[in-house]
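Dumping the structure here so I can ask a few things about it.
Per-chain numbering from 1; labels A, B and C assigned in written order.
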Amino acid sequence: MTARWLVRRLALGVLVLFLVSVLVFLVTQALPGDVARIVLGKDATVEQVANLRHQLGLDQPLLEQYGRWLGGLLTGHPGVSLQNKEPVAEILGPRIVNSFTLGFISMALILPLSVAAGVLSAARRDSFADKAFVAVTSLSMALPPFVVGMLLIALFATTMLGVLPGVSDIPPGDLPWGHPAELVLPVATLTFMGVMYLGRLVRASVIDALDSEYVQMAVLKGLSRRRILFRHALPNAIAASLPAAGLVAAVTITGVVVVEYVYSYPGLGTALVSAVNSHDLPVLQACVLILAATYYLCNLLADVLAAAGRTR
Amino acid sequence: MSVSVARRAARTGRARLGLGLLAAIAFVVVFGPLLAPWPPTAIVAPPLEGPSAQFPLGTDLLGRDVLSRLLSGGGTLTWMTLLATGIGVVLGALIGLTAAYRDGVADTVLMRAMDVVLSFPETIFVLVFVAAFGRHPLLTASLVGVAFAPGVSRVLRGAALPVFDSEYVLWAKANGLPGRQIVLGEVLPGVTSPLMVETGMRLVWAVTAIASLNYLGFGITPPAPDWGLMVSENQDGLAVAPLPVLAPIALILMMALGGNLVAESVARTVSRTEGKS
Amino acid sequence: MAKEVAVSGVTVKAAGHAIVQDIGFELGRGEVLGVVGESGSGKSTLALALLGFARSGATITSGQVVVDGVDLLSLPPAELRRARGRKVAYVPQDPATALNPSLRVSTQLTEGLGQPARTRVRQLLDTVGLPSDDAFLRRRPRQLSGGQQQRVAVAMAIAAGPRLIVLDEPTTGLDVATQARVLDLVRELCRARDLAAIYVSHDLAVVADVADQVMVMYGGEVVEHGPARSVLTRAAHPYTRALLSAVPSATHRHRLVPIRGRAPSIDDARAGCAFAPRCDYATPSCSTTHPALALAPSGTLARCIHAEEVTRNFRTVPRAPEPVVPPANQPALLSVSGLNASYRGRQVVFDVSFDLRPGQCLAVVGESGSGKTTMSRCLAGLHPEHQGEVTFDGSPVPAAASRRDSRTRRELQYVFQNPYGSLSPHRTVEDGLLVALRHYFGVHAREGRRRARAALDRVEIPSRLADRYPSELSGGQRQRVAIARALVCEPKLIICDEVTSALDVSVQASVVELLRSLMDDGPSMIFVTHNLAVVRSISDEVVVLSEGRAVEAGRTDQVLTSPSHAYTRSLLAATLDVPDQISPR
């Protein structure tokens, strides 16, 4: 991987994110006719609508609207919520912390667990444990995250066991890691989904590596099973599954929205859902851009790691 | 060849199980509404009643018959899933093949455009549009389809590029066969296997995406019966009455699992036959 | 005293069928055994079995492999593992895939050896003629050339001091010059270290060059085994003889004799001799009695009941027609002048010019990377990124196929190197030809079928194969169908790009002879190849390409007999020949 490639890739990333912001702006603010009317509903007076139009800057040329909007986002002043008139930054600040905590803890569990599960399964290929893993993953990969979440709630948070809270309400002002019990089920849901997906991919790439000619060569050299698995097969298998890790980040981010809603967890996902319901444009736009940018950065990171692995 | 792959795939045990599950779901979707004992949207009893002879699965949080809503609630999910998959696969295949055929500027532009769409997780992509244009099941399903297209187009472009570089396509180019004939007559048959695998996978993902969106309330609107919607409607009553939540979950599970079993066996059969040509 | 290596009764089965059957031989210190066979003969399976290894799906069912007094096949798994590398080592066919892409050269050389000193690693690299500085040790396989990778593989094999090394087609895919150096290395190692070696190859000339004993395999069995010279010059088995007659020579021009029929597959029922269906000597008893290996008058062991009669016949090689010398004033059919072409931003063809006169076969010869494929694709219109003038049949030809007129495209046909990729996998043989016929002549149904069948007949594809898909055909059959597809276009010039390089020698012989016979009735030919022996046997004129430049051109016999350019001379020197093919002894 050359520095030139990296610079080009990053420049391209900036361009794509810019296009994403244009798309979000166009769709939410410019396209759907009179936004102010939609936000306020049919019963609003002409005066109310005019006020809102002015507040949102809708009475200005499109280009200027976009410039102000993007400038505000980039300087950390994405406007004021239409719902409760608070600055968007203040509403979303703690929610960003909550969501990222959820996402990071989940990814920190998903990566090692997937590698462990995938390698163990592949090393004992066609054994009972391997077949069970394959069966469980193909069952679970198809599950919508809210179904997993509901099943976990039914199992752990209702009369059956009742050991964990089924609603993860973290009071405003508190940090999420001050409420570990509230984090368990959301993290478990995301981790389960991620491991099912990535673990299966790791298994497949370890098996590919074990079937390769260089592993056959290592066997013919008389190397030990352990060395063949960990020194010859594993590094190549992990390099091969790196791009998939980006996809898992994607699944996790989509999952965050739904899983937060399942557990009423106060994060970006729940903020996004209620912003859509209440037509709170500034909150909606900020949430979407943050989630899309995170998602894109995860994919970019996976691409860069994969390229680094290839040229190493 | 694709026919023989489908036939061979259908012969595996897991595929049979999957087809069986899908057949059962199809039966519920098609005949369920006729068998429902109560109108699915009518309030017929006090909320959250337990199972009885009159209401075999009890009533939901609003006092509607759970069985009737269950029997009537599969249709929306089914057609939305099929529509989303159809749009995603057809659009994605068209874009992917075009990009592979017109390498150079058109390829770059198309694939960068796909990158933009790809940088939205599909749920969020749909939410942006729903926020702007309101809730319509048709819109939601189409949007999921559009959100799938970039993924499909990447896979198909990747599968088509080596075919475009293969000697038999070079022969067609050297002999001046028209572009349409090359793409449709030579390249498309060469990518049926990945296309089939992709379709199966997208079908399963569409179930997940559509059910989730309905659950969040961004697809079909209450009070219409729908399995995903039923879960969120009755979530608050889970501790008292689990059936209104677990019963639709069981059906979504059957649908997703059935689809996944079939999709996986197609993928396996394809990857097994690929090596032999 | 027992020999260093004693192998007996080795049988490998897959799905109930023997893919290698009852193989035995002995080998002393410093001796090299060459194992020759075409694809599917079981030679690679045998090579792996000698290390007590079978690919998944196959099992070694019986036999002994005694190396240095120890029978590898009876060792428990842990000891077998220790014996690999220490008693017997393996050099793979394709080091590009057999070396781990993510591990450094030094790691791959020393792993499993305890903690050997750096100096030992350097000695190893010196031995195989590789640089031994720290920078080299830190490299990964991708940063090495093909020849260097193969040397690393050889160094890896001798690192633990084995008594036997098994080399499985180690020079296939290397250029002749690199091949010659690797062969020198193998010879030198065996001599200096008193190593026994088994050299598996499809190439008789290579085996003739390196081996003391030669073992010929067919259908999983040894059909002939003996001292190299006896096997190669006085072969007692009809298959060995047929194989020898199929090999082209760089020194004499002769007709190549293909072996009729097809190689047996493992699930064929066999009662008698496996070669009987293709054998000129076969009598009814050949298909009922399975012959044993027996000493023949040639001094070799041969598995043939007619060995005596075979040995009595002198091998004769039919001479090929002499190259055609066209009248000097005849206008050229194709004229190339000042051709320059780039590939991925790098110039690979420099100022190449030549003329081809009607009825001639022009060979373009060069090693990999010489630009020969790029050049031939320029002519076919598949590589428009070139400058220079190409004139075909009197009129200038545009660079891109899409800009050429239909007649030019039709009359200038191109046959691709890879028989597995050149036919649409989803069209039947006949359907593939019909595409061309509809496109150029607009003929349909009856007439199209008639012409397609005629072309298939011309390339000796039986009409029952017309409805088959390419995946159901052998490599040689596919290449014939690809030639038939060119023929239905009624071309004036056929460009053949390495069309025989993926084929076994006996199949190559049949394709070369087919092309020779096609030229009798019309089209001229450009034959692109890396193989000088094939050039000798088919072409009238030759252009030698080196690093994108035409370094020498002229009449084939003249260029190959008295080359004027140093590069041509070195290429010829590195090209191996089976010794004394026509030997009256």
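Basically, a contact is a pair of C-beta atoms (placed from the backbone, for glycine too) under 8 Å apart; a residue touches a chain by one contact, two chains touch by 3 or more.
To keep track of the chains, here are their UniProt names: A, B = ABC transporter permease; C = ABC transporter ATP-binding protein.
Just so we're clear, the structure is a prediction, and the values are computed from it rather than from any experiment.
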Worksheet item: For the chain pairs B-C and A-B, which is connected through the larger number of C-beta pairs in contact?
Response: A-B
Worksheet item: Can you name the chain that lies farthest from subunit C, using the mean of each chain's Cα atoms as its centre?
Response: A
Item to complete: Could you grab the centroid distance between subunit A (ABC transporter permease) and subunit C? Build each centroid from C-alpha atoms only and quote it in angstrom.
Response: 53
Worksheet, complete the sentence: Whole-Å distance, C-alpha centre of subunit A (ABC transporter permease) to that of subunit B (ABC transporter permease), is 21
Worksheet item: Where the CA atoms of subunit B (ABC transporter permease) average out and where those of subunit C average out, how many Å apart are those spots?
Response: 49
Response to the item:
Contacts from subunit A (ABC transporter permease) onto subunit B (ABC transporter permease) in the complex sit at residues 12, 15-17, 19-20, 23-24, 27-28, 31-32, 138-139, 141-147, 150-151, 153-154, 158-159, 166, 250, 253-254, 257-258, 261-262, 272-273, 275-277, 279, 281, 284, 288, 291-292, 295-296, 299
Practice prompt. Name, in rising order, each residue of subunit B (ABC transporter permease) that touches subunit C in their complex.
Written response: 1, 166-168, 170-177, 185-186, 189-190, 276-277
Discussion item. Quick check on the complex: what are the subunit C residues that touch subunit B (ABC transporter permease)?
Written reply: 380-382, 401-402, 404, 406, 409-410, 414, 416-418, 420-426, 435-436, 439-440, 471, 485, 489
Item to complete: Within their complex, state which residues of subunit A (ABC transporter permease) touch subunit C.
Response: 212-214, 216-224, 227, 231-232, 235-236, 239, 312
Worksheet item: subunit A (ABC transporter permease) touches which residues of subunit B (ABC transporter permease) in the complex?
Response: 14, 112, 115-116, 118-124, 127-133, 204, 207-209, 211-212, 215-218, 228, 231-232, 235, 238-239, 242, 245-246, 249, 252-253, 256-257, 259-261, 264
